[in-house]
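Contents: one structure, followed by commentary.
Order as written gives the chain letters A, B, C, D and E; numbering starts at 1 within each chain.
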Amino acid sequence: MVSPIYIVAAALGVGFAIGVLGKLGKNFSGILTLLTLGFMTYVSSEWLYAFYFGDQVSTYVFTAGYKPPISINLLMGPQEAFMSTLINVIGLLGGIYLFFNFGRKGRNAFVVYLVFIMSLNVVIMTRDLFNLFVFLEISSIATAGLILIEKGNRAVGAGFKYIIATSIISSILLIGTIFAYFYTGSLNIDDLVKSDLTTTTGGLIAVFLILIAAILEMKPFPANGWGLDVYEGSHQGFSAVVSAATATASYFMLYKLLDIAGNSWDHYIAVIGAVTFIGANLLGVKQKFARRLLAYSSIGQLGLLMLILGLRTYLGDNLNYVVFGILLTNLLAKTGFFWLVGIVKAKTLKEWAIIRRKPFFLFLMGTFVFALIGFPPFPSFFAKWTFVMDLAANGGFVWIAVILTGSFLEAIYYFRWFGYAVKADDNYNFSFNVRWHKITPIILLTALLYIIGYLTAQHTELGRMINFIPLFFVLILFALDFLPVFIKNTIAIIGMGIYFYFIYPSLSDLKLLFEVIFMIGGILTLIAGYAYKGKRSGFYPVAILMYAGLTGLIEANTTLQFFFGWELMTAGSYFLIIRGKRSMPHALSYMLFSVAGAYAILAGISIANIGQLTTSLSIFNNIQYFPQWAYGLLLFGFLTKTASVGIHIWLPGAHGEAESDVSPMVSAILLKAGVYGVILALIGMSKSQYDLSSLTYILGWVGALTVLFGNISAVFQEDAKRLLAYSSIGQLGYIVFAFAIMTQLGWLTGFTYVINHFMYKAVLFLTIGAVVLRVGTHNMYEMGGLIKRMPLAFVAVLIGITSLSGVPPLSGFTGKWLFYNAVIEKGWYFQGVIVFLSGGVAFLYLFRLIQTIFLGQLKDNHRNVKEISIWFLIPIYTLLAGLMVFSARPQWVLQPLGDMIANYMPQNSIRWDGAYAYTAIGHWTGSGVMMTIGSVFLIVFLILKLSTRKAHKIKQFDIVYSGERPDRPDTTHVAYNMYAGFYKAVWPLTVPLAERFWNWMTELVHEAAGFTRRIYSGNGQAYMLHIVLYIIVLFFITIGSSI
Amino acid sequence: MNIYVKLAYTLLGFFLVLNWGLLMSATLRKIVARVAGRHGIPFYQPWIDLLKNIGVRTTLSHGFMFYLGPVFRFTGAVGMFLFMPALFGSDMWSNFSFEGDIVLILYFQLFGMLGMAIGAGEGGHPHSAIGIARGLAQHAAIEIPMTLGIISLAIQYHTLSFTDIVAAQQGGIANWTIFTNPIAGVTLLLAALGAMGHSPFNLVKAPNEIPIGPPTEYHGTYLGVLMSSGVVLHVMEAALFMNLLFGGATNWVEFIIKTFLINFYSVFVGVVFPRFKIEQSVVWFFKVPMALGILAILIYSF
Amino acid sequence: MKEILDRITPKYDLQDVSIKDDLQAYVVVEKKLAIDMVTYMRDYEGFSHFVLMSCVDWIEDNKLQLLYLLNNPEKKCVIGIKVFIDRENPSMQSAHHLWKQIWTYQRELREAFGIDFPGSPRIEENFVLEGWTDKPHMLRDFDTNKYAEETYFPRTGRSTNDPATYMRQKLYPNQPVTAKKNKDDE
Amino acid sequence: MEYLNLGKISLLIGFILIIIGFWGILSQKNIIKIIVSFTILDTGINILIVSLGYIKGRTAPIIDASVPQLADHNVLNSIVDPVPQALVLTAIVIGFGVTALLLAYAMKLFKAKRTLEINQFNDLKW
Amino acid sequence: MSELDINDKVKEMLEKSAENAGSKNSEKTFVHPEDEEREVIAPDGSIIKVNPIYDYFSGKKPTEEKPSNGVVEKFLNWARSESIWVLGFGTGCGSIEIPPLMTPRFDAFRFGIQMRPTPRQSNAFIISGYLSVKTLKRVIRSYEQMPSPKYVLALGSCTINGGMYYDSYSTINRLDKYLPVDVYIAGCMPRPEALLAGFMKLKELIKEGKGEKANEYARNFDEYKANQKKIIKDWNMPDYNW
């Protein structure tokens, strides 16, 4: 075991040696530095290894042969080992990254860098207050020196602000130190902890001064302008190290020093952390420049760390797990991000579009973004999970709200940035070059992120239960991304098929139903992918990622697994959605609503978790505390995915602009995930001992209004895919409403709609998508008369809309019939009427869909279009076959479903007699109606066909036109603003209140951010003033009253 | 009962209804003529028109769906007949009503409408699309009083089955729904005005404005089929309200009288009031009929 | 009215000024000054209402006479501005920029008299007739009877009576035919 | 004058210097003046440290002739607390380093914009 | 751009416009802009040539549609005669005489006569009075769109020999040169009674099986068409409007 003192010794020694041996050249110095850093890393990681895998105990290292307080001592414990390993690793990688930048400045830069890393190590390890001050100053000086490796005025200004600010902070620490010494006679932290300083006034002030210095080092909002400038102004390679290593050291310093004050400061630290976390992320929202954005984000993460530290009493033993998770993710991802910023020389966020010229970089960026927001499988996901669970278990609901709000704000700007990177117009004439020494550290970091994420999961019992196989499949697909689409598609389909085959036996009932929808639906929609040519870069991994999430939801036995699957699914679907041509803003709003929903779910789960002995999903069935809140939050979270009214605004754009085969995936399949969640919550509510009928009542109204709103909005769309998207909103409203009824009939209706919507919406979206691919426009008024060119597509749409509209004998009617019975049985008449009225409204948009696209006048430029691709027709007609079977023999599905629902809803209100269904108030037979209507239809058709067998085939303009003739198809086709009259009657219902509300909210957030950030005037002196004022204000808040 | 016998009776019943429908339309037109002081058409005119249409030699086709339009429409009309019991208490004339209840009828009305809409759409004539767009909008509005009324009835009788609802109204005029549940009855009658499609709610075909809307391109045999389904639909719409509100019918004479009167009622209103514009028509249903419907439910839900 | 005429007569060198009454006057102006004058009347004299524009065929003088009739809504007076143009290849400066309705008048004049108004929008389009290829039909030397006979398959055996004479004969066969001449017959 | 012993006076001076330093940093626009203010602040802290370790009647913690080296007398009792003295030495060194760096920065800043007004260096903001 | 260049450009443009104007004046064509052959770009980038007259209209020549045999045809003819659906298209001044026909005083409904708004559902066409060339075009179109068997009633002297408009440059003289006429109703204007008498005559003709003028039209199609095209100079429709 190498003594940690050698870390210091080696660094100092080599530093001096380089000074002495300067003649040997810059490269030599550099390599020597890297070797030293490697040695330091080795030492600290050896300790780390010993702590975790051996039974090493914490060791004090004494210097100068005396014991404290006479001499300085260092402590090497597991935490110190961890932190210093982190710092050294980052130091080493940073050294590699900055190798040539240092080289250009001469060998002394290496020395400074070495001293910088060394000083941070000492800050971690030292137990002596004065020593802490000294090395803090050393690190500040070194930082200020290293800032100058970036050329230009900005770095100089930033460096000056930095050095003067840190000097003031250090001075305060020094004053505090000397006071502490004055009152205790010792500089040793351990002694200070023991001596109970806070009992005397002077001691209080000493502690205040020490802690305020430590807090200021953490760059608390708003006294952190200097910190921002350093992140932004200095070389990004170095900013990364500051953001990661210095932050780690600062955090640990605060952690160490906090013990001096006992627990009395926890609360303040938490509040400061919360303010910083939310404040920094809020200001980030308004930010347009990449570097400064990262600076805000870094500070936000520091705030989060402070928050965690302040809430350590809530966390207990899990503190380190949470901190390590957050810290590690932040460290790895943020460092990587800074370095990426250093490589991609784009200033504004919009300019980041250039990054997709090198797709691998986009992958890296995506990894970092998702890691920072806390998506699985990255460590922060698990850390956040544990954090929130522990907070809830101890009643820290406000803190949960704070954390989730801050994280949400963070998500806003990160995803906007990422959206720009993926989709913004790339018309910039500058490019970026990649050099191996710069990219290698980033790749290493990324790999570490994934590995550590996996390990973090394995670290806990719950995490070990997560099934990572689908994720590995996703990674394999990433690796195979260079293959042509045909091969990848086959691999994906086979993979999903095999997975389904193996998982099939283990599922039953509800899970089986949804798994069939997810997997079979997935395979069918993937078949449509054969229609695409080329590589379709990046499509398959993300599609499979979504399906991995979906199947994860189904397989989940524990809440963590469930949430894991949920987040994976969200991530995958986000990537799928953003692939659309104009879908950048829609993907952003989708992601934001998803993130908000996910946080609501997280909060809901955390409340559900209180007082539970088990972590399995069955806790939903037995929520003990605040059940209204828990279920309410869960339902809200799930409803964001089902796009209920008010939180639906992401859906039309997201689905409407997505690619042709993605729309069915995200509409017919993905939305069902939300439904699955709603069902889980409702099952829980049905079993709950509390009376939750008010919640279901609200849910029922939400569902009903969603139906009305979705359908009426769909009527006035000009864009075919948006029309279908609004229709999806309406259909999901039906489903939510049906499940909210909470009777057997209601649920049967719900399941019927789930199955139906899956089939017909997949058919419609696939068909319309394929048509769009052929005709090259979404606008219905630009199409028309396509029945002549694509009869098969027409038949598919015809059956699809007939089914959707609920006209007998197709399966849509099954749902309507059940609906009537369920509504009347339940007594929800007015909601029911709204729903049925909306059913009538649905006709309008359905007719519009088929009339304006397939009927009417064929447009000139579509005279030669071909039938839609065979690869679309295969899944479409497979689904149609399913639809017809379900229509003709509904009892085959509904009977077992009814039996299944009886497990949850004991009333047995539907009786089957062969193909005949009876409820208390009505009766109906699917097959009988089908047969009757079918035979009548056939007979009439034959008769008419016979009598008109000599009919002349005429062309599109051979119509009576009041003695005139049509001029052009475009002017003869009734399509644009087709329901103008209806609009005059119902326009009050189409006012986009939700959009206005959310726009207003967005404005509000932006205005708040824009207003607040003006405190960062850029004037160094103002920043000093902030610090001083901050100290004064904090003084009065914390100890002012007790003196 | 043997299914073939049943089939035979059903066919016979349909034949009866078809002829009654033709006669009824002639009679109603004659009544309108007399109101205007004219002599009016001969009572057999519809049959002749039908014959003439079948005898038209030139047949044109805009495409496959153009055929299917009338087929859908006719099937819709036949279905309306099949799924509703023609006469109460008669096993022979109950048709196929065992296959479904009111909900089936409510949605089956749309079958013909949708098919017709699509068939007419393939004709490519702008007036078809305009007419259908109006029709659908109006239908969506009619849905409000219709659903409210029917739900009110369903609450009242605890059933959605025609047979049961009619059974509950037997035993004298005082037992008819229109008297036992007058508010729902009025609501449904107002909805009936829209459903029958006479003036003021006849803007779907709107003669003189968009020639005759959806069937603009239909001629000859197609038109014959459409005409026959039209008259059957008129009878069966009336029969629907007869069953719901006026105690159904136990014999054909009663059936004929009641359906005639219900049709007469809507024609009567039509003669008096001029045509609505589409937004007026939609808004009209949002006002009084909706308020009455809500009242009808409120009465029964407490 | 008179004041206005006094003002514009020297300005536009008006050749033939005829004042019908206080509120109505007709002037003849040179072709090259005509549109200028119309513009002037509109912008400075308050004749903001364009009443009509028409044409008279002076076949004897081998001239076409264009008339721009303007109205001053404030003074309630009307001025007619006459312009004589050549009958062969008639052409006139377009005034479409002054009032939009002049587009239509000029289309009509082009179709009926064959007057060209270069630059006038949609001047090529049909006005009333569709696909007229013959001589402009409002010119006096266009023989409509001959045209109809050549074109429209006149039914043979057609005889025409003067209605007045015919009816008189029919109703009062005893009276002499030359009793009283109708004014129209002169 | 019992209260105003040397220790207290120097303590007061230290505080006054610290406050002057802060005032200077916050009010002076010229970077050089700010740096000077910082050194004043630094000096104040140093005085503070030393004064806190001062014990009346004792001498500096350097064991030389001025300290009575008696057998029964613990040397430590006749000198002031040596730790602050040691600290202040380090602090001075650190302060020196920081000041040097600050001046170097001041030079760079001047080169960059030919001015020493701190208001002029707000390229990074918001 | 220098001044010289601008001058050159302007000159060029002027020349071009002069050329265009010249060509337009020299040969006047009657192809409407919407009937000109045009090129459109298909979604896949290929170019499609569209010739409106040929691509949008079927344009097939009509064929004779033989009546069925014997009793069936007689029966159908009876039905036709009792159900005369008139196209609601008033072509001239005589159309003012049609509305009274539907009023209580004359009440044509009792003879099975009614107006239909679309040619597809009509079998009788009343040419009510003078017929200008412009209207003739619409009349031909509507007539051809009516399904056979169809009948034409020519109302007023104008349809017989031009009536008082015999010398007009824009109205036709003899309708039977352009469309086959079943019944002429003379007068200027004929009163509704005359019109009713015409209908009665038409009924007789139909019952006798003489209402086959639609087939005559098909038989002599070329001749009729030549006459029509002679006067309709901007023929912007197919030869036969289905």
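Quick notes
One rule holds for everything that comes next: a contact is a pair of C-beta atoms (placed from the backbone, for glycine too) under 8 Å apart; a residue touches a chain by one contact, two chains touch by 3 or more.
Bear in mind the structure is a predicted one, so any value in this text is a computation, not a measurement.
With steps allowed only between chains in touch, the distance from subunit B over to subunit C comes to 2. Steps from subunit B to subunit E, taking the shortest chain of touch contacts, total 1.
When each chain is reduced to the average of its Cα atoms, C sits farthest from subunit A.
The most central chain, judged by C-alpha centres against the centre of all protein C-alpha atoms, is A.
The leading chain pair by number of C-beta pairs in contact is A-B.
Remark: subunit A and subunit E have CA centroids separated by 67 Å (rounded to whole angstrom). Averaging C-alpha coordinates per chain places the centre of subunit A 51 Å away from that of subunit D.
Rounded to whole angstrom, the centroid-to-centroid distance between subunit C and subunit D, based on C-alpha atoms, equals 108 Å.
Remark: subunit B and subunit D have CA centroids separated by 101 Å (rounded to whole angstrom).
Shared interface positions of subunit E, i.e. residues touching 2 or more other chains, are given as 118, 120, 242. Contacts with at least two other chains are made by residues 952-954, 956-958, 960 of subunit A. Listed for subunit B are residues 58-60, 211, 216-217, 220, each touching two or more other chains. Inter-chain contacts, as defined above, occur between A-B, A-D, A-E, B-E, C-E. Residues 785, 787-788, 791, 794, 798, 801-802, 805-808, 813, 816-817, 820-821, 823-824, 827, 829-830, 832-833, 836-837, 839-841, 843-844, 847-848, 850-851, 854-857, 920-925, 928-929, 932-933, 936-937, 940-941, 944-945, 947-948, 950-954, 956-962, 972-975, 978-979, 981-982, 984-986 of subunit A are the ones that touch subunit B when the two sit in their complex. Chain contact summary for the complex, subunit C toward subunit E: residues 118, 124, 126, 128-134, 137, 142, 144-145, 147-149, 151-155, 158. Listing the residues of subunit B that touch subunit E in their complex gives 33, 36-42, 45, 48-49, 51-52, 55-60, 207-208, 211-212, 215-220, 223. Touching subunit A in their complex are the following residues of subunit B: 54, 58-65, 67-68, 70-72, 74-75, 78-79, 82-83, 96, 98-104, 107-108, 110-111, 114, 117-118, 121-126, 129-130, 132-134, 136-137, 139-144, 147-148, 151, 154-155, 158-161, 211, 216-217, 220-222, 225, 277-279, 282-283, 286, 293-294, 297, 301.
Only residues 18, 22, 25-26, 29, 31, 34, 38, 41-42, 45, 48-49, 52, 83-84, 87, 90-91, 94, 97-98, 101-102, 105-106, 108-109, 112-113, 118-119, 121-126 of subunit D touch subunit A when the two sit together in their complex.
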